[in-house]
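I have a structure here, written as structure tokens, and I will follow up with some questions on it.
Chains here go by letter, A, B, C and D, matching the order in which they are written, and residues are numbered from 1 within each.
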Amino acid sequence: MTIPPWLDDFLWTYGNLVHALGVNGLLALSMYVVLAVGQLSLGQAAFMGLGAYSSVLMTQQLGLPFWAVLPLSVLAPVVFALVIGLPTLRLSGVYLAIATIGLGEVLRAVYLNVDLFGGALGLSGIPERADNTMIYGLLLAAILALWLVGRSGIGRAMEAMREDETAAAVMGVNLLRYKMGALVASAALAGLAGCLNAHVSSFIGPGEYGFEPAVTILSYALLGGIGTPIASVVGAFILTLLPELLRELSDLRLVLNGVIIVVAVLFLPGGVLPFRLRRRAA
Amino acid sequence: MLAQQLVNGVLLGATYALFALGFTLMFGVLKVINLTYGFYFSAGALVALWLVRTLGFGIWTALPVAAMAAGLIAVVVDWLLLTRLRSAKAPELASLMVTLGAVLALYSALTAWLGSDIRRLPPDVISGEALQIGSVRVTLAQLLILGAVAILIAALIWLLRGTKLGLAIRAMADRPDAAELMGINTLRAAAIVSFISGCLAGAGGVLIGLQRNAIQPYMGEEMMLRGFVVIIVGGLGDIRGAVIAGMLLGLLEVMTAGYVSSNLKEAVAFLVLVVVLWTRPSGLFGRAMTRRA
Amino acid sequence: MNRRHFVAAMAGVMALAGAARAQEPVQLGSIEILSGPNAAYGVAIKAGLELALDEVNAKGVLGGRKINLIVEDSAANKDQAINAARKLIGRDKVVAIIGPTLSNEMFAVGPVANERKIPILGTSTTANGITAMGDYVFRTSLPESDVIPVTLKKAMDRGVKTIALMYANDDAFSKSGYDVMKSAAEKAGLKIVDIESFGSKDSDFSAQLTKIKQLKPDAVGISALVEPVSGVLLAARQLGFGPETLFIGGNGSNSPKLGEIAGKAADGLLVGSPWFVGKPTAVNTKFVADFQKKYSKEPDQFAAQAYDAMKIMAAAIDRAGAAEPAMVRDALMQTKFEGVMGPFSFTTGRDPASAEGVVVLVMQNGKFGIAP
Amino acid sequence: MSGLRIEGLVVAYGRTVAVKGIDLVVEPGQVVTLIGANGAGKTTVMRAVSGLIRAKSGRVIFDGVDIAGRRAHAIAALGLRQVPEGRQVFADLTVADNLALGAYTLSDRAELARRRDAVLTRFPRLRERLTQLAGSMSGGEQQMLAFGRALMGAPRLLLMDEPSMGLAPLFVEEIFNAIADLRREGITILLVEQNASAALDVADYAYVLETGHIVLQGEASVLANDPAVTAAYLGGH
């Protein structure tokens, strides 16, 4: 079967958007994982940056093939998560959020000041190695895995932590282990997203992984709702499509984008998909 | 050079402290992560600019008017967006999210309306004269701003420690339900706190805009990250803590740029933040006015 | 109806359709930053493009066809810039693209246009390596490496022997400007006494300037956009830098905003530029007057570069003989143009060929004039 | 003299109905106690009366006025004061500030001083600790402070929610002595307690709440000897 030219054009026009939907879906899941244990960590953009930078260096400097680069791209973010995890996860609420933002800013300074990372010029000329099959394959796999975890006993413990940490600890949930597990999973997902994004868009720069993207990733999960992994992905889809759908409004579109977020939070407090995972009776 | 650098640090620190005053009050008392705070800072500066340039106000009459305008915007935003969430005892994520949307909408509307160009107050609104004391130079404008900051800090501490309203605000920060049982109208008190915070933000915007000779819609947004550092290191809701943390941060940045490397100037703030949080999670200066967050 | 009539009728219909198509506007795209903190640049560029477009469309191209310019917002975001480029190419079927605003965005968008063989013409992208991305990537903005040596030479004529450098280390434009400034200073034999950086959103420069002041260099070179440059100059005067220190700006300083924001503090600053508002050529005086009339403010260099770029693009489309991207690309290569910036043609590497239009300007009472 | 009359009160948290339509009367000058197991809905009743949560339906009549749906600060201003569950003193404020907040709606300074003196006479321990932060005191002292703070509002009806919870026996005794004193002084009190025997000792009338319903009511002395109550709440004495 051959693709008719108009369809080919259509797919090409929205090709980057289609990539972005998948990548942002992965980022939303990376946020979902930590929110699911009641943690407000905003380190996802930093993890994404580590995944992106390390994978591009592997491609460009070491000449590794992409089948090796993609799995290895989780390495740097996961190691970083393990190192910062212990002292950082003792914090809660706002403090944790701000600490993770601070770590992201420190990383940004590293990208800017170390020549290997290209400084302000970033890294360009990245070959297009990722494609939709990889992106959506990983997204589906991640949704499936998180869904299965959510339905298991681990999921119950996670929900207990989200509702009331002290009570969960009394019930015998090892809080630190779960938090650490969630942080590492989150880092791995964000790292993969960073690697995929870098290998479809030919350029990465130090400004892409700071405060603003961190908050945007959070808003994906919050808009969708954190009851199920799929809800956060839906949130990412909506917020990624919105600026493109509103393109005709030119400079007022960000105003409307903001208003839509406000209205959604005020009137859909559980997110767009406020359902919960149904578990087998305990 | 050391003397001048110390003065530079204090002046920079004063701007951080000024920004953080209302921020720590809003955050510490109202218990929401309100990302719109920086917008009131910008709004104050822009209103003052309009008053001075279009209506011919003097800067010292424009300052309180602009501050109050920013305060009113803060009350309206808080009332429209956060009252419901607060009375529903919604999790802090919701307030973070709703103010995030509001920030996006507000700044975009402001730039769509005014453009994102930098503007400045007419150069003659404040004297550009400088004092030379030994090897140290300070401009008159900088000294005036330092004075204004000191007055605002003193006024805020007096309000919180020396008045009945301040007592009610501190009670509300501690236990909102119990405060309500004492007959304190916490909705009204929250509006007052929003107003005061907004006024402080607006005044900060005018003064800092004046000192830097640059006013543009995103100026508040650019202060936010450092604002977070200051109020967290100082302890949420702790006025004196915020002032000390602001000063220390200013000095640290200047000393880093002056004696280590200017490449590290920005990163040092966040490094300090992370280290403080790792070692003293409730801020550097003992108990905050409000415990926990 | 017999067969011959049918053929004739069909031919007539097709001719009519062809004529109708001939009158269809030529689709031209542009990607600029129109929202968010950096919108000022995109807005200036859009103004320059649209002013030139009015003139172009008064005559039309390819025998009277109008150019339909579609300006898309990138919000200074990489993904949105790419989406905009793909929308322009895939849906609007543009024959070429002007923009995007920032070098970083061009690094992301250039390969997209190049892949589809759509010429893309940067008007404000000065970073190194832009045109190396592919055969379809052009720029009209003079790279700093052509401008800075001219400025430094002027400074050395005035007896400058030592220099301190300052730059914004977090945006590509300022960083590559600094790289050029540093190597040009070394090549010219200037002694670099200190190098200081700051963030492009910073507004406190006192620590860096205090340090520089103590080292007493003859000159301070600044590579940054106009906002931080203004801040640096204001802070320098507050710290007591006098006329004995010569301030030298990069491309970013060449904006009427500098005088508006920094006022007298900017007096004496030297900047090299292919263009300035008072450039005494007929075409420039007309441009400045028309711009003033349409937007009631002075154009800056971003608007001027955009104005020329639109005319260069329109001329290339006209020369190409058809609204075909590959033909427009080839026609662009043949450009010989006399614009507000001066005489213009492309090198084989699709960069501006000549820096002969570069003049060194000096700031005096908030306005740029030719440096004596 | 002010009384309280609750009619058909229903309170829900989301979809969970915690109080399922109760009727309850506190006559002026009476001490009435509401006893029941943990989770029976006692605290919910208290919070609904004082306005901290909004009732889904039903009437709360204080002094002849329906106050259901009014906000807590307005209800407090009417002279209906609460000693909340878990004390809820302002931990970061001094004892003196806590007491001052109890009379927040009062602006007469002489009256304020008079009330403060009365409270400090009733609880002499507080006088020693006036400048101390409330959060640094022991649980029993904090309970006295919460009690004293409510009295600063010169209550016409006092709601007390689990005043003995988590206290050492010595303090429990002191608290109940104070309640008995107040009763003699003619203050109307609605007392919620898990310590049913002490509550029934001090009360005139009692209600028993189980899973959101009133299941039993009567004179406190009668209920104290009711076999069902004895078995369920008085540890089978």
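The definition used in the following text is that a residue touches a chain if its C-beta (ideal position, glycine included) is under 8 Å from a C-beta of that chain, and two chains touch if they have at least 3 such contacts.
Quick caveat, the model's predicted, so the values are computed rather than measured.
Enquirer: Which chains are shared contacts of chain A and chain D?
Expert: Per touch definition, common to chain A and chain D: B.
Enquirer: Considering only mean CA positions as chain centres, point out the chain farthest from chain C.
Expert: D
Enquirer: Indicate, using Cα centroids, the chain positioned nearest the centre of all protein chains shown.
Expert: B
Enquirer: For which pair of chains is the number of C-beta contacts greatest?
Expert: Counting C-beta pairs in contact for each chain pair, the top pair is A-B.
Enquirer: Calculate how many whole Å lie between the centre of chain C and the centre of chain D, each centre taken as the average of the chain's C-alpha atoms.
Expert: Here the centre of chain D sits 74 Å away from the centre of chain C.
Enquirer: Which integer distance in Å separates the CA centroid of chain A from that of chain C?
Expert: About 35 Å, centre to centre.
Enquirer: Can you compute the centre-to-centre distance for chain A and chain B, using the mean CA position of each chain? Integer Å is fine.
Expert: Measuring from centre to centre gives 31 Å for this pair.
Enquirer: Could you check chain B for residues that touch two or more other chains and list them?
Expert: 108, 111-112, 263, 266 - these are the residues of chain B that touch more than one other chain.
Enquirer: Which residue numbers or ranges of chain C touch two or more of the other chains?
Expert: 35-36, 39, 169
Enquirer: For this structure, enumerate the chain pairs that meet the touch criterion.
Expert: Listed by label, chains in contact pair as A-B, A-C, B-C, B-D.
Enquirer: Can you name the residues of chain B that touch chain C in the complex?
Expert: Interface residues on chain B, with respect to chain C: 1, 4-5, 8-9, 11-12, 15, 108, 111-112, 115-120, 123, 128, 130, 132, 137, 139, 142, 212-214, 216-218, 221-222, 253-258, 262-263, 265-266.
Enquirer: Residues of chain D touching chain B in their complex?
Expert: Contacts found on chain D: 50-52, 71-74, 76-77, 81-82, 84, 88-93, 97, 100-102, 104-105, 135, 149, 153.
Enquirer: Which residues, counting only chain C, touch chain A once they are in their complex?
Expert: Residue positions touching the partner: 34-36, 39, 72-73, 75, 78-80, 82-84, 86-87, 89-91, 103-104, 107-108, 110-112, 116, 127-129, 133, 168-172, 174-176.
Enquirer: Which of the residues in chain A come into contact with chain B in the complex?
Expert: Chain A residues touching chain B: 35, 40, 87-88, 90-91, 93-95, 97-99, 101-103, 105-106, 108-110, 112-113, 211, 215, 218-219, 222-223, 251-262, 264-266, 269.
Enquirer: Over in the complex, which chain A residues touch chain C? Could you list them?
Expert: Per the touch definition, chain A meets chain C at residues 9-10, 12-17, 20, 112-113, 119-122, 124-125, 201-203, 205-208, 243-244, 247, 250-251, 253-254.
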